[in-house]
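In order of appearance the chains are A, B and C, and numbering begins at 1 in each one.
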Amino acid sequence: MMRACLVLFALLLVSATIALGTRDPEVEQCRAKCESERHFDKERRQRCFQRCEEKQSRREGGDEIMEGRESEEEEEEQGHNPYVFEDRHFVTGMRTQHGRLRILQKFTDRSELLRGIENYRVATLEIDPQTFVVPSHWDADSVFFVARGQGTLTSVCKDGRESYNLKQGDIMRIKAGTTSYVINQDNDQRLILVKLIKPVNTPGNFEAFFGAGGENPESFYSAFSNEILEAAFNTKRDRLQRLFGQQKQGGILKASQEQIRAMSHRQEEGRGGESKGTFNIYSQRRTHSNQYGQLYVVDPSRHRQLQDLDIGICLVNITQGAMTAPLYNTKSTTIAVVVEGEGYFEMACPHLSSESQGSRRPAGGPSYQKVSTRLRQGTAVVIPAGHPSVVVASKNQNLQIVGFEINGSNNEKIPLAGLRNVINQLEREAKELAFGVSERQVDEVFRSQEEEFFFKGPRQQHQGRSDE
Amino acid sequence: MMRACLVLFALLLVSATIALGTRDPEVEQCRAKCESERHFDKERRQRCFQRCEEKQSRREGGDEIMEGRESEEEEEEQGHNPYVFEDRHFVTGMRTQHGRLRILQKFTDRSELLRGIENYRVATLEIDPQTFVVPSHWDADSVFFVARGQGTLTSVCKDGRESYNLKQGDIMRIKAGTTSYVINQDNDQRLILVKLIKPVNTPGNFEAFFGAGGENPESFYSAFSNEILEAAFNTKRDRLQRLFGQQKQGGILKASQEQIRAMSHRQEEGRGGESKGTFNIYSQRRTHSNQYGQLYVVDPSRHRQLQDLDIGICLVNITQGAMTAPLYNTKSTTIAVVVEGEGYFEMACPHLSSESQGSRRPAGGPSYQKVSTRLRQGTAVVIPAGHPSVVVASKNQNLQIVGFEINGSNNEKIPLAGLRNVINQLEREAKELAFGVSERQVDEVFRSQEEEFFFKGPRQQHQGRSDE
Amino acid sequence: MMRACLVLFALLLVSATIALGTRDPEVEQCRAKCESERHFDKERRQRCFQRCEEKQSRREGGDEIMEGRESEEEEEEQGHNPYVFEDRHFVTGMRTQHGRLRILQKFTDRSELLRGIENYRVATLEIDPQTFVVPSHWDADSVFFVARGQGTLTSVCKDGRESYNLKQGDIMRIKAGTTSYVINQDNDQRLILVKLIKPVNTPGNFEAFFGAGGENPESFYSAFSNEILEAAFNTKRDRLQRLFGQQKQGGILKASQEQIRAMSHRQEEGRGGESKGTFNIYSQRRTHSNQYGQLYVVDPSRHRQLQDLDIGICLVNITQGAMTAPLYNTKSTTIAVVVEGEGYFEMACPHLSSESQGSRRPAGGPSYQKVSTRLRQGTAVVIPAGHPSVVVASKNQNLQIVGFEINGSNNEKIPLAGLRNVINQLEREAKELAFGVSERQVDEVFRSQEEEFFFKGPRQQHQGRSDE
């Protein structure tokens, strides 16, 4: 139905622009299409307009080369491989010269196939050494993972404040409505947090609320009438205007060494609560570990902080040149973000497959198509429950991936090759009937790999998305 | 996409009606638009048709004055300020000369921004002294607050019945499928209930089911075949037709003094269960109280009746001329209904703001727009989690507001001015960096108000929505 | 809005096809409409294309007789009686000459009125004697009821496997991601399972994942690159290709007597766990029982296996010529499937009623329309919470219906006639006011039926949907 409308709309616009004649019809059409986006989904609109502008400058310059954008648009409309997200699928939530907050597009803006995780968002916060992120609260719950660097997070409530030291591998949950701020007290290293966000008001949409601020970040106090503010603060208008008109440097600021020291110092003193607030993934149960890799898993049913969100977290470390077993999660959809290194990813997908076949489902059951992508730092991948997938590390570098597991309690990872793979558990007759060969032939394949969960990788390193 | 279709449809209709020529094209277009509404959303259609009819009578009479309706239509299409609901946003669920049930439109019919509370509805039941509301059950859970008057509610199950006395401030939960009826036994005062309704079948849609009834209210027994009814009741058809053809006076009826007395008497006898069924908000913890106002809060995690719905309730009493602190709820979306008095409301909203800016988000973060409205009895306001807001009472009268807090367990109200405001808890360096001024200048503003939660209001009473 | 687009689209297509002139415009239009369906909803598209093809063959053969299909299309577009599902509303999930998996269409493809159960699907698995269903896992939780026959289900995890004997009336829950397979070890009888499925990834959409397989059922291993498989299995490519290229017989296979015996034998040995895995509905509390019928109910709050899904199950046995009381469920929506016998069904529905009245709601309250259908084996009916309904068995045969009760914990069935009917519990004045007659006249009707829950049926057996 939606697509019917899209087609129609495009048709009409074509006629409309032909009728008008004078303007560049393609660019006009592009903008009109953006105008027609649901009016409150501003991120989507914003990206849409950006594409139109790029289209225009290309046309004006006679330049048709910027293929990346063009292909994004196409890709989105055709809906192919909606499981992989790269740089261009992020929008800027906040940016100054000292850092930025990047937010992954809404999953349902990408594909209806991702409607099951519609109410989750992913963001990364990257801030320079010796910087300060202005206090704010969000209308969203969030969980973050410290991918790199070290810092201090302070959360404030009406009765006081608590500070938590952050180091690589730390996990912390911030409840909706909690005012908090962060410093990077390191002298050299950026601090990078990967966040999973669950909005509490409108599914998939959230906002930051800055109280302390001025013009940039704008303080929400400025939205109220002067008379209200005067009465609320029992203070004259001019003094208020002076206070809320000062800040213009944006939400991520350079701080002096003294300021950083003071905030770090105080936080280390006031600590104690660290165990309540954060915990480190490396102190968790290492589910699997061998020379080819390690898996750390946080089950939300065992962590009070994550229990009500039902979000688990896993960290996969793959040794250079190694790979994971093909495996699937029984009930979690995993949103995985590459923290370090390079490699590639393959997944078997029945949904895309049936599309490309013109939706004729074979009577014998579904068929599967390969979804594959190169992985590099920042790439995000959605792995739906039940879908078999594999990750391979490049030959040069270890690959480290953090995964947020939606619907995480009692999730299991089922290995499809190697020790304890599920096919080995079938009884003889089931193997023979299912594969149509003797049990010996099945076992020759399924019992040759003697490692569990992490294996030696393919000898010839795969390059890009092409099949061998 | 939706909007694209809307525009398109309007265009086509214009051409269609121009082609036809003879009829009033605007009215035809109006009706055609109503026809195209999702066919099961009858309330929306109903209101749509009503507007067309009004349009017609205005045109026929050459009368273009009825601005209220016109502006409603506009407002809805433009989606401005979707957080405030007035008289015209209610539809009539049931009405006789002795009372009425008014139902607030579906939140998502107003704006996609309210999708998070799509499955909640608000209604008010107002009944005259000495009246009886015919027994029915709903395919919805509900919680009601007695805003005014006194009455008796009786709920019936297959093993008996229980009666509960109702007085102002009482709260009661009615489970889905429970057959119940109400009397107003007072001699003078109307009984007014404010209800929050959570449908169990179709999100946002519910119906009343009347068994006892006839032609009006129609009994659902009449929908069955005669042969079925004869067998089920082991009774001849003519006797059934006589029984189910009698009642024609509607669902809210005048009762005789004897009938009222009999039902009141019996209920007072059979009471005892009152403590199980109802509780009064004035017996709850008074969270804040001073000469400027009082706040009563019911946390659903402490009330068995509200726990599974996760709905909290609060009552705010603001002394004439006073105001609340600017504050926000950490995780609840509050649906507030004015029970008594007048005043006004302001809220800082990042969503509307970004719309009006053509969806260009400043790189430093979001910006905020003021949402404001006059408040009078019956006005409903939606306050999403995290959004700072203020309520001011008029100079002449106390203002009383009941709030249903969706997602209410462990919600906190965070004050943004006055004693224990959250900015005061920031450490010195955070204040200085965030505001871009010295700590002294911040404290001059944030420490001048010495009251907590309720303050003396603005000296000059604000009138209407205009900014000063 | 959706309908607006539909109408529009149809209009444009008409013009388009008229312009083209040469092709059969109706068939083209039909196909274009199918193309425009949401592209990932393949089942819906598939059925849509099927209808177009049938339309074409009819036109080519000058045959306009196949009314069934035509009326289905109409019916869906008009949205009448969206509560009844017959043969044509199922699609084939899997089919070989030895059995089939049939899946009921998505509820929201039928009507927006069913949005509340959008994330549930119903399927029936029917397999011949002495057959084997190839192991697979689903990205969905499921609960099944053994409607007929006997078999063995084996579930496999990474640490072993467990087998469960299945007999008529057994209920079992299969968790998402669990690999399982089934045999029918009977010599004569088909095994029929009725399943309720709750997808975990995309609401309302699920897939089967076959690891053990080849070309048909296709193994998901085949979707991975050869280099990946070689490394994962530590095995050469040609051996892999041999293994995964063998099976071509589909997902439901004939097994030899020896294979069946081996799998049955082993399962009966390894049993023990049966009590954990399955339980039988006939061993449950018989809520109601008399000469006219029996009701068995499984409350999910008392069964660990069903608790997290909140799905209850009931079995209704109605003696030939008898009927149930008119009754409603307080909070569950029931999806009922006829397991055996014939009869008919009536329900009072306020939603359809208001549609047919042009959406003018009478001020006195809602009115109700009869929804009715003949029942035969395989018919599925959705009964929303609160909606009064009746089932009547044919004169020749007992009628047996299994019901999945969504939102099942603490649901109650409220009788509307017979012993302990809810009207009898009203106090005298309430009866008189509500019906507008004397209490005696009410009681004459409501106290004549002395049975409870199951009654003697109508004397003249109703035929088809016509009213008498």
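As a convention for this text, a residue touches a chain if its C-beta (ideal position, glycine included) is under 8 Å from a C-beta of that chain, and two chains touch if they have at least 3 such contacts.
Computed from a predicted model, the values in this text were never measured in an experiment.
**Student:** Could the interface between the copies subunit A and subunit C be described as same, meaning over half of its residue numbers are common to both, or is it different?
**Tutor:** Because under half of the interface numbers appear in both copies, subunit C and subunit A meet with different residues.
**Student:** To test your reading of the model: what rotation angle superimposes subunit A on subunit B by C-alpha positions, in degrees to the nearest 5?
**Tutor:** My answer is 120 degrees for the C-alpha fit.
**Student:** So what's the Cα centroid distance for subunit A and subunit C, whole Å?
**Tutor:** 37
**Student:** Out of subunit B, which residues touch more than one other chain, so two or more?
**Tutor:** 2, 5, 8
**Student:** So in the complex, which bits of subunit A are touching subunit B?
**Tutor:** My answer: residues 2, 5-6, 8-9, 12, 33, 36-40, 42-43, 45-46, 49, 92-96, 132, 134-139, 141, 154, 156-161, 175-179, 181, 199-203, 205, 207-214, 216-218, 220-228, 230-235, 239-240, 242-243, 246-251, 253, 255, 259, 262-263, 266.
**Student:** Under the definition above, what is the set of subunit A residues touching subunit C in their complex?
**Tutor:** On the subunit A side, the touching residues are 1-5, 7-8, 11, 79, 111-116, 323, 325-326, 328-331, 333, 346-351, 353-355, 359-370, 372, 384-388, 390, 392, 407, 412, 414-418, 420-423, 425-437, 441-442, 444-446, 448-450, 455-460, 462, 467-468.
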